[in-house]
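Order of writing sets the chain letters: A, B, C, D, E and F. Residues in each chain are counted from 1.
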Amino acid sequence: MKPNSDLLDLLLEVQLLDRIPRVGYLLSGVSDPESVSEHTWHVAFLVWVLGESIPEVDRLHSLEIAMVHDLAELRTGDLPRTASRYLPDEAKETAEAAAIEEILAPLPARMRRLWKEYQVGESTEARLVKACDKLQMMLKVQLYESQGNDGVRRFWDNPENFPDFGFPLIERLFTELRQRRTG
Amino acid sequence: MKPNSDLLDLLLEVQLLDRIPRVGYLLSGVSDPESVSEHTWHVAFLVWVLGESIPEVDRLHSLEIAMVHDLAELRTGDLPRTASRYLPDEAKETAEAAAIEEILAPLPARMRRLWKEYQVGESTEARLVKACDKLQMMLKVQLYESQGNDGVRRFWDNPENFPDFGFPLIERLFTELRQRRTG
Amino acid sequence: MKPNSDLLDLLLEVQLLDRIPRVGYLLSGVSDPESVSEHTWHVAFLVWVLGESIPEVDRLHSLEIAMVHDLAELRTGDLPRTASRYLPDEAKETAEAAAIEEILAPLPARMRRLWKEYQVGESTEARLVKACDKLQMMLKVQLYESQGNDGVRRFWDNPENFPDFGFPLIERLFTELRQRRTG
Amino acid sequence: MKPNSDLLDLLLEVQLLDRIPRVGYLLSGVSDPESVSEHTWHVAFLVWVLGESIPEVDRLHSLEIAMVHDLAELRTGDLPRTASRYLPDEAKETAEAAAIEEILAPLPARMRRLWKEYQVGESTEARLVKACDKLQMMLKVQLYESQGNDGVRRFWDNPENFPDFGFPLIERLFTELRQRRTG
Amino acid sequence: MKPNSDLLDLLLEVQLLDRIPRVGYLLSGVSDPESVSEHTWHVAFLVWVLGESIPEVDRLHSLEIAMVHDLAELRTGDLPRTASRYLPDEAKETAEAAAIEEILAPLPARMRRLWKEYQVGESTEARLVKACDKLQMMLKVQLYESQGNDGVRRFWDNPENFPDFGFPLIERLFTELRQRRTG
Amino acid sequence: MKPNSDLLDLLLEVQLLDRIPRVGYLLSGVSDPESVSEHTWHVAFLVWVLGESIPEVDRLHSLEIAMVHDLAELRTGDLPRTASRYLPDEAKETAEAAAIEEILAPLPARMRRLWKEYQVGESTEARLVKACDKLQMMLKVQLYESQGNDGVRRFWDNPENFPDFGFPLIERLFTELRQRRTG
């Protein structure tokens, strides 16, 4: 596998993102779980809907970050959370950064830099995408659990799954989601 | 089913879009075909990548249209192309318009109107999304066919599957895609 | 898609009915749910078994109605219940009637008329098929629920899912089914 | 597992027939192949359509035989063709006969005897069902092959897959099917 | 199907074992259940791990028995437990013995005899494989149940699913497994 | 995730290996591809069958190596080949070594060291497992391709997929496999 040499190569490769299952759900016993494409779509949708109510967010910029935030998984796969535990510091980020460079090679440098901005996670827009990444995960957990998949229950016990990244709207939605579950 | 009464209702319902298979591929023998979520993600990605090179496109506006363009299928399902043949004129549009109103009820009217703009198909941004909707379909057909799914061959024979909507970039990509296939 | 021009066209098209999932179960989180072929088989089986104990039923006639009752879905797909809410009055019936005419074109008019009889729902035989259509749905719901699919629970709360169409035997079976569930 | 003691037990057990895959297709590499429910539905449909044109056939009687012809597989599974090669003479029939007795225990003896009639295969109606059992298999093979499943090609090479059981209509359809394939 | 005539035939046929689902789980409503390949791997793994702590076991010999213990299912399929109830005495064993002879035909007689040793079930090594065969079944039941598949609950009620075959280590593991379940 | 603290923890975790798909096949368009459990079983089977004919191999020792060779994937997932390209040198091995230590924590150090022996790849037994790892991959490719999955064709073009590791028997089988394909 090499850097994509033209736009059509890139567009065809991206179609493969549907084939990468979200491994955390798979290991929790969800059969036919969400793909990385589906996850990415839902994150972008959340960013769009919630960004509308957060004046300080540049909405186009946040949507652009959502577009690329998991694209490296086309070449690295969806590493389960446990994998990070065993990889040397920074190894995952370095690998993903290199993968993004090669996948998005036919695009302008500006677009490839969006992934880095997401990793750093300091800009308002990057923080919104990071918050939506987790909110989406828990919305899907709620759906799977309401449909009888008990294996995802443990997601509710990990406080790291509910980060608001400083957005009161996200904090409120996490609270409402927890209330609906126990309600 | 009723209009969504708050934001969380909406966000949870949208998670179900993964469960709607793209019926045209299903009837062509693709097992485990693309979902409507996956299709929508790919259309948004194309709009983002190609919009960058088309100066007259308002990129945020076109991404917003892509977000909602197939969302009515949450409540109407993905009607196969043959269904339209049997439904009275306008019935499909009327149904989808009503579905969109109820699904997106918690959002501002501005956001709900994007779907109508897509249907009318006159603005530059709506035309770009419509072109990407078909381009994505043929990119996926190319992938399925290269993986041995011969049932999708007939997609190449329908001239309506290759509309450029006046964008030379789209026309060029359709040409390259056909060349790659026969090449 | 056009009217089938000979018997073999018809027979091959009918094989595709396996590829149409029952959308209501899909949206309830059942992975790999019943196909329309499977549903139709179970309805025919119920009609056969129960018709034996209902003297006023012409058993061949009721089986014939069961054969065609969902065949239009080959070309319209399985519209989710919510879709009917948005479609103009009669649009669904008109579409299905047209689809049936074209699918069954190689068969005698007598056979194509059976679908209309089902829609009208007045003859004893049509009423029996309609009752078995719902009874089968709830038998499958019972199975899915007993296997841990909690997403189908809501089917029990809708009184329209338990119509006896005037047959005491059907009424009795619905009662027994409810008792077994809570029992 | 025991004889079903009441009608509801029987009706619930029959729902499980969807879970038995047709093993011959599975071993040929068809992913998500036809279930025994789907096969049975298609055989019944063929018997209904073709019986209309064969005056000597009692149509109700042939449909009744189609209903039960593979029902024993609820308890024995779909034995691959190779299994028969290893089982002692008559063992498969004896097992299936016993299974049918227990599955259909709540039904009148007349209905349970239909399976035996199918096995003997002498009555006009039993012969029609046997012919449709193979015709359906080859229709599905044609579909799978046209969709790119090359693993089913070997089905065309086995002359035992094309028995007409003395019906010219079946013979004609097998001929047309072969012509369409090579055509 | 015939005896394999060379080693490559055998090696290719064995790849098909992945396509045989474990029917008991399928009928319990587990979608996408364990294949016979997966079951066999887990039995071999258990034999390897537990054999290490049981001095009287010849570890290589027990692993060899695990390798072949379900291989006949390549040609007979995975007969559901209910099937044995209907088959004449010894019919299943006779069929499987014949299947093993033909599948493993290119291997030395010593290797083909391992299956017979398993069936007889008297040697220490055969008893260990038989115990692990059931222990693996219940470990998987525990997993499926913890993931929300309620249809497998009945496995816990059958005392025949917990045979220790005289090994205190197996007895202890069954006890611990039951304790973990009831928590 | 932590080191397994007792044997039952280990045995239950290993059941999850069925849920890890072999990513290379998934990205090649094989729907429902081999799991890591299935792959491991086939490698062990090959080691067993081929080891019989290679006198210098300690057969128990080679089977033990096969048992553990991919077990780290329980916690790291099946990294696609492309991932290694982006990870810093040794990062994958270091991660897998750590994962193995924690997964197999309840077992004696001797058993945990087998994975290291596989990685080093110098002992006769480790070389046999490495050769069988690739031979199994190509046997499965041959099966998928013969069943119509054209997406796996590219596996034949990579010379690294046919290493004999110095065993003439493996070399012969690769040659026969290629001949059968083109033959």
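In the analysis below, contacts are C-beta pairs under 8 Å (C-beta built on N, C-alpha and C of every residue); 3 or more make two chains touch, one makes a residue touch a chain.
Because the structure is predicted, anything quoted here is derived from the model rather than measured.
Novice: Would you pick out the chains that touch chain B and also touch chain D?
Specialist: C, F
Novice: Which contact partners do chain D and chain F have in common?
Specialist: Expected: B, E.
Novice: Taking each chain's centre as the mean of its CA atoms, which one is most distant from chain E?
Specialist: When every chain centre is compared against chain E, the largest gap points to B.
Novice: Which option, A-B, C-D or D-F, should count as the same interface as B-D once over half of the contact pairs match?
Specialist: The pair repeating the interface of B-D is D-F.
Novice: Measure off the straight-line distance from the CA centroid of chain B to the CA centroid of chain F, and report it in whole Å.
Specialist: 41
Novice: For chain A and chain F, what's the span in angstrom between their mean Cα positions?
Specialist: So the centroids are 30 Å from each other.
Novice: In angstrom, rounded to a whole number, how far apart do the mean CA points of chain E and chain F lie?
Specialist: 22
Novice: Between chain D and chain E, what distance separates the C-alpha centroids? Give it in angstrom.
Specialist: Computed from C-alpha means, the inter-chain centre distance equals 30 Å.
Novice: Any chance you could list the residues of chain C touching two or more other chains?
Specialist: 16, 29, 31-32, 143, 148-150
Novice: What pairs of chains are touching here?
Specialist: Inter-chain contacts occur between A-B, A-C, A-E, A-F, B-C, B-D, B-F, C-D, C-E, D-E, D-F, E-F.
Novice: Enumerate the contact residues on chain A facing chain B in the complex.
Specialist: Its residues touching chain B are 7-8, 10-12, 14-18, 32, 34-35, 37-38, 40-42, 44-46, 48-49, 52, 59-60, 63-64, 67, 107-108, 111, 139-140, 142-143, 173, 176-177, 180.
Novice: Which residues of chain C touch chain A once you look at their complex with the stated criterion?
Specialist: Interface residues on chain C, with respect to chain A: 28-32, 148-151.
Novice: Note which residues of chain F are touching chain D in the complex, please.
Specialist: Residues of chain F touching chain D: 31-32, 143-144, 146-150.
Novice: In the complex of these two chains, what residues of chain A are touching chain F?
Specialist: My answer: residues 1, 16, 19-21, 23, 26-27, 29, 75-83, 85-88, 91, 94-96, 98-99.
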